[in-house]
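Just below sit the structures, each encoded as structure tokens.
Okay, so subunit A shows up in both of these, paired with subunit B first and subunit C after.
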Partner chain A sequence: MSAILEVRDLHTQFDTLDGVVRAVDGVSFDVARGETLGIVGESGCGKSVTALSILRLIPPETGRIAQGSIRFEGTELTALGEEEMKGLRGHRISMIFQEPMTSLNPVLTVGTQIAENVVRHMGVPWSAARERAREMLDLVRIADARRRLDEYPHQLSGGMRQRVMIAMALSCDPQVLIADEPTTALDVTIQAQILDLMIELKEKTGTAIVLITHDLGVVAETTERVVVMYAGRKVEEAPVEALFDNPLHPYTRGLMRAIPRLDVEADAAGTRPRLQEIPGLVPILTRPIVGCAFAARCELATDRCRATPPPFVDAGGGHTVACWEVTL
Partner chain B sequence: MTAYIVRRLFATLPVMAVVALFVFFLLRLAPGDPAAIIAGEDATSEAIAAVRAKLGLDRPLVEQFVVWLWALLQGDMGVSIFSNLPVTRLMAQRVEPTIALTLSTLFVAVSLAIPIGVVAAWKARKLVDRLVMGFAVLGFAMPVFVLAYVLIYFFAVQWQLLPVQGYQPLSAGLWPFAESLILPSVALGVTYMALIARITRASMLEVLQQDYIRTANAKGLATDRVLLLHALKNASVPIVTVIGIGIALLISGVVITETVFNIPGLGRLTVDAVLKRDYPIVQGLILVFAAAKVIVNLIIDISYAFLDPRIRY
Partner chain C sequence: MSAPVLQVDGLVKHFPILGGLLQRRVGEVRAVDGVSFAIAKGETLGLVGESGCGKSTIGKTVLKLIEPTAGRILLGGEDVTKLKPGAMWQHRRHIQTIFQDPYSSMNPRLAAGTIVGEPLENYGITRGGETSERVAQLFQRVGLRPDAMRKYAHEFSGGQRQRLGIAKALSVNPELIVADEPVSALDVSVQAQVLNLLIDLQEEYGLAYLFISHDLAVMRHISHRIAVMYLGRIVELATKRTLFTQPLHPYTEALLSAATAPDPRRRRTRKRIVQGDVPSPARPPPGCHFHTRCPYAIAECKVTAPPLIEVAPGHHVACLRRPVGGGPQPLSVSG
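Then we have the complex of A and B:
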């Protein structure tokens, strides 16, 4: 599989009153054509900033891509002019966001919002773009698509709005779809429907999906490969089965232990074992992190971990981990 | 929508009734005796009483009100105490310059303020924003009559580009008409423009932070479409509200501007009538201004429903 998107040593920083925040601090990964890559990590680990960096949507007043390379089909995006970047956004690489309630424009009809993307990138007249919008609504299984085109977002439920976002994002047949927590704001049954829909459309269109989430359940069900991020850095990358069968990084293991399980039996007194949380707090990103970002919370940490960032160790089968203490 | 418009129309009737009541009693209870003024400085008390009887000013207030209101409902606003001409005819003669001045001021202010506000919000905290907003603060702080004389001094007296004062009706030709309106519109419009520009900037700044603007940018839409459609339409409700409030300010501004530029409009008529205590004219004018205000509010309320589909009454 050839990579359509290659992110290398990406550093994205923001200026704040407390100093420079290193939101993304040297992340590298590839996205192959047509694959589903999960990026997982807790809030503030740099998942969303990575996504916004790829589309170069970091607000220039406060943030910047400080270092690194993002190549899309061989083109270096960090060196591209703003107008060329605009031609790419929504066309070759598109994005859907976490909040379907606020991510659609409340004063424009659903049809206008989908069709304008088509008009912009396909250079077709409005009538054809509207027809394309109707097709897309059919594709994301919104009933009575023709009528829905003239409705406003407030007339739709949360799940329907996320379907509209998906229809909009896929309307120009992008090569890569970045989905930033697309189901977090939805209730559980709708979450499953939306994820199934995304996977089904991916099979149909061959669009690669970068699925950003903090939900390991979502990762297990939908992705093929996973990147685990912690404090702006990648700590582990693996095919999804390998990650769940054999998590290698102490942070990944901690996350797995923190998942509530239904198959754990209660003891005679009716109590279940306490969930094991990861002790401590995420590091403050305004201070440069020396050594491994996870060292302060890691039970295996040694002086070497605290002094020198660990290199990636190849565990075979595309499974790599950044840890000094890992035993393969 | 039609039901809403009809309902709003009926709701204006009680407002107008209260205005009528207020206008009538306010003037009757104000100090100063019009009969004494009309009769002249050296008039005997008999002569004053005769004038008072002739005008009905000696009747009980309630009776005066009923007579006045009945006539008003038939479109008769009475007769000027001084010129003996019907108030409606006096106002009709003066209404064209005032409408022309109000609309041209509105046009000058809105057509400059909205682009200024949008650009300032787009380039927030950059040099363009600071320059434009500095200019807006200056404009807002400048009294109409000061700016008016400054404009007259440079454009009319020094450079002789535009007439010093006066008004040409539309029937005199488009250019003479427009020429006579430029300086008054700019003088009156600057304060108003500053106000709208500031609100446009503030409202746009808030909207530009919203998630749907990020979505629009993630679609790679052109900047003008993001700013003028996605953002401005969402920012428009506060802007339209301020334009409406500003029309109330314009009415008082018109009085000053017409006086400075010697424009024979309703503003001048108001000043003259107040100074002479010509009650019927003052009453008629207040009613007309109040009705204009009520209609403007109605239009603005209705426009909300068009600008924001979530607003339904």
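Then we have the complex of A and C:
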């Protein structure tokens, strides 16, 4: 499979009163045509900033892509002007966010908002765009789509709003859909429906999905390949089965052991096995991190880990890990 | 057996919906609609359900932060339902709370040590130097350095603030802690630290927890018994083991099938059994609230609200299609 999106050595920084925050600190990965790539990590690991960087949505007053390259279908996005980026966003690359209400315009009907995007990027007449909007609502399984076109976002439930966002994001047949915590604000039964819908639509349309989440369950159930991030850096990358069967980075292993499990055999009433804690806290990103970013919390860490950033070790089958102490 | 730490009988809480020019009562949200349960000393009862199911309202009502519309609340066997705030004050010592966002309940101008020590002084349990000593012990017990007593709430990380909230709740030696989504805002690695701490403290002090969460995996980890709620009613109540191995209510089954698990192979075998949204608690469907989404619903379910029945020892379920002795066999989808 050829890569449609190539991110190389991306550095994104923000100016704060405490100094420069290195939110993304040298991240590289590829997204293949039609695949689902998960980017997983905890708060502040840089996963959302990576997404915003790809879309060139870093507010210029406070932040910047300091270094690196983002190539989409061979075009260098970091060199594009804002007008050209506007032509791409919502068209060739589109996005959905955690809280659809903040991305939907409260005073325009759902139909108008989807149709606007279609008119803007496809240059079709309004009537055709509205018909496209109805088709899209059908596609995301909103019942009674024709009537819903004339409703406002506040008249819809949270799950339905996220369906509208997906309809809008897919309305111009994008090559890449970036979904940042798309189901985090939703109830469990609604989350399941939205995840199922996203996978089904991906298979139908061939749109590649970059799914950004903190939830390992969501990653396991929806993605094909996973990038694990910690403190602005990529620490591990693997096909999803390999990652869950054989996590290699001490941080990934720690995360897997820290989550309460629902799927393991229920134990006798009363016994509660201890969850494995990852001691300590994430490093402060305003200070340069010498060596491995995880070293301070890692039980395997040696002086070498604290002094020199680890190179990526190839474990075979597309599984790579940045760790000095990993045994393959 | 001594009286349960907390007993709730037929609890009802309706919130009025005001409308029109004169702001008259035009309807009501049936947030909690006849809920009964008891929690024993040292036990964790989990309340699980989706947004709007009434789980947090139960927490607030039990704490008497809001007045129930009907029903009884008994703390240690004593009826506190009708107590006025002044009289309730003495009982509050025995029932403390931990919130999802502890920061919102902390005075930003007070040092952390003062925040944790306040309840001790208010209840006259300790004074002055004695308070500082006790607070230092509490800090150590929840995994904070005693020198952090001089810091302010904003100087702590999310996980540390939750530890601070736990220290404050513990300070007056309560018997029951109402924990409303205490780990939902925390990252996985920190969540594990806080869950372990809560379990350790329970075993050490014999605390009872009313643990409110939407997260089934967290629930399964910390609870002894679990009540599943849907639109203001308990639909199933059982020990954790029974609930996860032999769920009887279709909604419980739906929740379990919808929850994601960190296992990439599971997605191919799962079947999702419900579609659609949770109806509004202001207009709950008649009969069994779940019938609009239930694949097994029969005509009777649209009319009759099923009572919560003990179908096996300790296993209660509110479903017309689950008669006593009906057992855990699968239901068939009706024509």
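Here is the rule we go by: the second predicted complex is superposed on the first by the 320 of 328 C-alpha atoms of A that agree within 3 Å, B and C clash if a C-alpha of one lies under 4 Å from a C-alpha of the other, contacts with A are read in each partner's own complex, and residues count from 1 in each chain.
To be clear about the criterion, a contact is a pair of C-beta atoms (placed from the backbone, for glycine too) under 8 Å apart; a residue touches a chain by one contact, two chains touch by 3 or more.
These numbers come from a predicted model, not from an experiment.
S.K.: Clash or fit: subunit B and subunit C on subunit A?
M.R.: Subunit B and subunit C fit side by side in the superposed model.
S.K.: If we overlay the two complexes on their shared chain A, which of subunit B and subunit C does A:A66 touch? Say first, second, both or neither.
M.R.: In the superposition, A:A66 contacts neither subunit B nor subunit C.
S.K.: Quick one: angle from subunit B through subunit A to subunit C, Cα centres, nearest 10°?
M.R.: Roughly 80 degrees separate the directions to subunit B and subunit C.
S.K.: If you stack the two complexes on chain A, which partner ends up touching A:A79: first (subunit B), second (subunit C), both, or neither?
M.R.: Touch partners of A:A79: none, neither subunit B nor subunit C.
S.K.: More residues of subunit A are touched by which chain, subunit B or subunit C?
M.R.: Comparing touch counts on subunit A for subunit B and subunit C gives C.
S.K.: By the touch definition at the top of the document, which applies to A:L195: first (subunit B), second (subunit C), both, or neither?
M.R.: Only subunit C; A:L195 stays clear of subunit B.
S.K.: Which partner does A:H91 reach: the first (subunit B), the second (subunit C), both, or neither?
M.R.: Once the two structures are laid over each other on A, A:H91 reaches subunit B alone.
S.K.: Quote the smallest CA-to-CA distance from subunit B to subunit C in the superposed model, rounded to whole Å.
M.R.: Comparing every C-alpha of subunit B with every C-alpha of subunit C, the smallest gap is 7 Å.
S.K.: Report, in rising order, the residues of subunit A that make contact with subunit B in one complex and with subunit C in the other.
M.R.: none
S.K.: Can you tell me which positions in subunit B touch subunit A when the two form their complex?
M.R.: 125, 210-212, 214-222, 225, 229-230, 233-234, 307-310
S.K.: Which part of subunit A faces subunit C closely enough to touch in the complex?
M.R.: Touch residues, subunit A against subunit C: 42-43, 157, 159-160, 187-193, 195-196, 214-222, 240-241, 244, 254-256, 258-263, 266-270, 272, 274-278, 281.
S.K.: What residues on subunit A touch subunit B, complex-wise?
M.R.: Going by the criterion above, the answer is residues 55, 57, 61, 85-91, 94-95, 97, 99, 102-108, 116-117, 120-121, 152, 154, 165, 168.
S.K.: Please name which positions on subunit C make contact with subunit A in the complex.
M.R.: Residue positions touching the partner: 50-51, 157, 159, 187-189, 191-193, 195-196, 199, 214-218, 220-222, 224, 239-241, 244-245, 254-267, 272, 274-275, 277-278.
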